[in-house]
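Just below sit the structures, each encoded as structure tokens.
Okay, so chain A shows up in both of these, paired with chain B first and chain C after.
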Partner chain A sequence: MSKKAFRPDVDAPEYKGGYSPYDIIKEGTIAIVIIGLLTLLLAVFFGSPDEKAITVKAWSNAAPVDFAQTAVEELNGTSGTAGYGAPYNHNATGQQLGPLTLGKWVGVHIPINTVRDFIIAPLESQPSLPGLQSALAQWKGASTSVKNGWVANYTKASNNMSFSNGQLVVNATNSGPVPVLISDLTSMARSGALDQALITGSGYYTTDYTKPLLFLADSDYFPTLAAKQHLTGSQWGMMNETGQYPGQAWLWLYTFWYQVPPFNTSPNADVLIWGMMMLLTAGLLLVPFIPGIRAIPRKTKVYRLIWREHYATHE
Partner chain B sequence: MSTTEIDRQWTTRLRKRVEGKLPPEKLLPDTQPAYVASWIYVFGVATLSSLILVIATGTLLAIRGPIWWHQSSIGHFVNSLHLWSVEIFFFSMIIHLWGKFFMGAWRGGRQLTWMTGVVTFVVSIVTGLTGYVSQTNFDSQWISTQAKDGINATGGGAFFNVLNFGQMLMWHIVLLPIAAVILTALHVLMVRVKGVVPPYEDEKKVAQ
Partner chain C sequence: MNWLGSIINLDGYGHYLHWHFILVSVANLIVVGLMVITFVAALFLPFPGKGRRKENR
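And then the complex of A and B:
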């Protein structure tokens, strides 16, 4: 029976050379001390960023018109969250990978109804304000078509919205209770009460910030702050962090695809890039089994640089 | 009890298997093949050392809870140590990975060693992301609201909600570190069992 042929990219030659003393415990100890000192020096000289979290209170005080207009979008269904689709609602098909609509298939597991969760439920949690209870009753008693008419009229007027003397100024007609709802929600937000209402909606103890984060992410204010900190998608996005820090530099390849065509203009960019990264990761995992790829190190001969002493003494 | 019966015990079998695969001189060697003499080998040890520091500094942060580092200068400093040990960890791991690629380190029945290394890299990336979204500051707000779109597009966001701080913190400080440590331990044990991959055949000699 013939001996199986040696496959240079799969098999390793038998080593018949010499051995050197090796103190694994000493090496490990020295490595921890050196890395520890390096970490200490970097921490002392560069510290770490800690830009304070934005609250709905801060947002609505800094940009009350943007807050109110975002609230109108939550009400009329044009906000990012209102028209998101799965896993929050059924209002969009979501991104497609060819014929596959993965998000839609998995379904709605974190239900968000922006009208109920961002506007009506928080206002209902408020103590009785003049006009608010009757406005809420009027809203709840109206048919969908009537509500849509009020919201459409208010949406048109809100394009010229301004804020003066602590009050929203909107020249809206035939808008039913909507002016009161938006005005009181803005006052609630400016007082800080909306922050609490959004996170305590499902109980006293909570660690889930999905609702306030989605509301905040629908604004113009939040991405404007992020752009100033070079954090938007076109600025290599989430691999960065505030200040001059390396951030998640290891995400460079993932973030890179968002900068180039066709991904930077594709409505399905996220799912396309995720699909591609999963394939690339599977490729990396299976390198030892892929002919051609597993031959790259042998053919590029970088190994001769790595083991130059070995080859110098064995040639 | 007969000797045969003892030999059949699961405990005895496991011990004999471990002794055969990983005798003490392999687990804690005092010599190495002479070819293990390159700076590239430093990065495997550096990855392991920085992982120990990442866990140590993360443990310190965990003692006083997730908000402490915003309120205390000592807490902020510990956070800085955590951040920089993570940066060194990833830097070392990526150099280690590419070094091992160009050494063809999967050769000689070491495919699983390579694969556990790649899976550890992926798990580390997810651990890093969950850490960034658990910082309870502007960075975590922005990164989580950006990251959600990618994960939601795959359907995974229904179960892995990056906007849910409590869920992300649990993954960051419990589930993923356990996975990373187990995978790292397996990876290191495989290196000890199989030894460090020998250099490629010298092609000049092969030609002769």
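And then the complex of A and C:
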């Protein structure tokens, strides 16, 4: 019977050399102590990022017109959240991978109706304000086409909106109760009551900030703050941190794809890049089975550098 | 509670290097540089306890 040929990268020759004692517990302990001390020292010297949370109250006080115009977008259905699709609503196909409508498969499991959840329900939670109850009753009693007409008229007028002496100034006509709704929602937001109204409803103690975060994300104010800190998708934001702190440098490859064509202009970039990273990860896992790639360690000979003491006396 | 704060304050706006579509923070570059130095040092520095191991052979 002929002897089977030796295949480099697949077959391992039997080791017949000497052995050295090695205490992995000792090395592990030393590593933990050194890393622990380093962590403590870095914490003492540099601390950690300490950005104040951005609330709807902070936003509406810093940029009341932007808040009111975003509220109008929530009302007329042109905001990012209103047109997002799954998991919030059925208003878009969502992320697609070729013919696979993955976004739709996820389904609407966090249902959000921006008119009801961001505008009407929070206003209904307010104690009787002069004019608000009748404005809400007028809104609820109107047909969809009448509501659409009011909102369209107010949307047109809101392009020239301003804020003066604590009040919104909008020259709107034939807008029904919409001026009262938007004005009272802005006052509610500036008092901090809207933050509370948007996070309640999921139990007594809640950490569900989905609604205020989505509302904030629909604004111009929030993305502008993120851009100043280089945190947006087109700024490699995934690997950046607030302030002068280092960020998640290990996410460089994931965020790299968002900067280059065709991903940087694709509406399906999220799912395309996810698919690309899954492919690359599978490639990394399967390195031992890929001829050519698996030969790289043998051909680059870095292992001989690491074990140079051994190879100085053995071949 | 200021005495609890860090010795070096890094809360200001970060410094970034921009080259074509590449945008990288100086802080991230420093960390990547330190990782490369650690890797090269691990390759070239002799193993600790080298002498002891020889005696044991």
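Methods note: the second predicted complex is superposed on the first by the 306 of 315 C-alpha atoms of A that agree within 3 Å, B and C clash if a C-alpha of one lies under 4 Å from a C-alpha of the other, contacts with A are read in each partner's own complex, and residues count from 1 in each chain.
Please note the rule applied: contacts are C-beta pairs under 8 Å (C-beta built on N, C-alpha and C of every residue); 3 or more make two chains touch, one makes a residue touch a chain.
None of the values given here were measured: they were computed from a predicted structure.
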First (chain B), second (chain C), both or neither touched by A:144: neither
Partner chain in contact with A:265 - chain B first, chain C second, else both or neither: neither
Touching partner for A:21 - first (chain B), second (chain C), both, neither: both
Which of chain B and chain C A:103 touches, first, second, both or neither: first
Partner contacting more residues of chain A (chain B vs chain C): B
Which superposed partner A:230 touches (first chain B, second chain C, both, neither): second
Which of chain B and chain C A:306 touches, first, second, both or neither: both
Which of chain B and chain C A:128 touches, first, second, both or neither: neither
Which superposed partner A:173 touches (first chain B, second chain C, both, neither): neither
Touched partner set for A:164, first chain B, second chain C, both or neither: neither
Shared contact residues on chain A - chain B and chain C: 18, 20-21, 43-44, 46-51, 229, 241-242, 245-246, 249, 302, 306, 309
Of all residues in chain B, those that touch chain A in their complex: 28-38, 40, 42, 45-46, 48-50, 52-53, 57, 69-70, 76-77, 79-85, 87-88, 90, 94, 99, 101-104, 106-111, 114-115, 118-119, 122, 125, 128-129, 132, 135-147, 149-159, 161, 163-167, 169, 197-202, 204-205
Sites on chain A touched by chain C in the complex: 18, 20-21, 43-51, 228-230, 235-236, 239-247, 249, 259-260, 302, 305-306, 309
Residue ranges of chain C touching chain A (in the complex, touch as defined): 5-16, 21-28, 30-32, 43-44, 46-47, 50, 53, 56-57
Contacting residues of chain A [partner chain B, same complex]: 8-15, 17-25, 27-28, 31-32, 34-36, 38-40, 42-44, 46-54, 84, 86-87, 94-95, 102-103, 105-110, 206-210, 213-214, 216-217, 222, 225-226, 229, 231, 233, 237-238, 241-242, 245-246, 248-251, 268, 270-271, 273-275, 281, 284-289, 294, 296-298, 300, 302-303, 306-311, 313-315
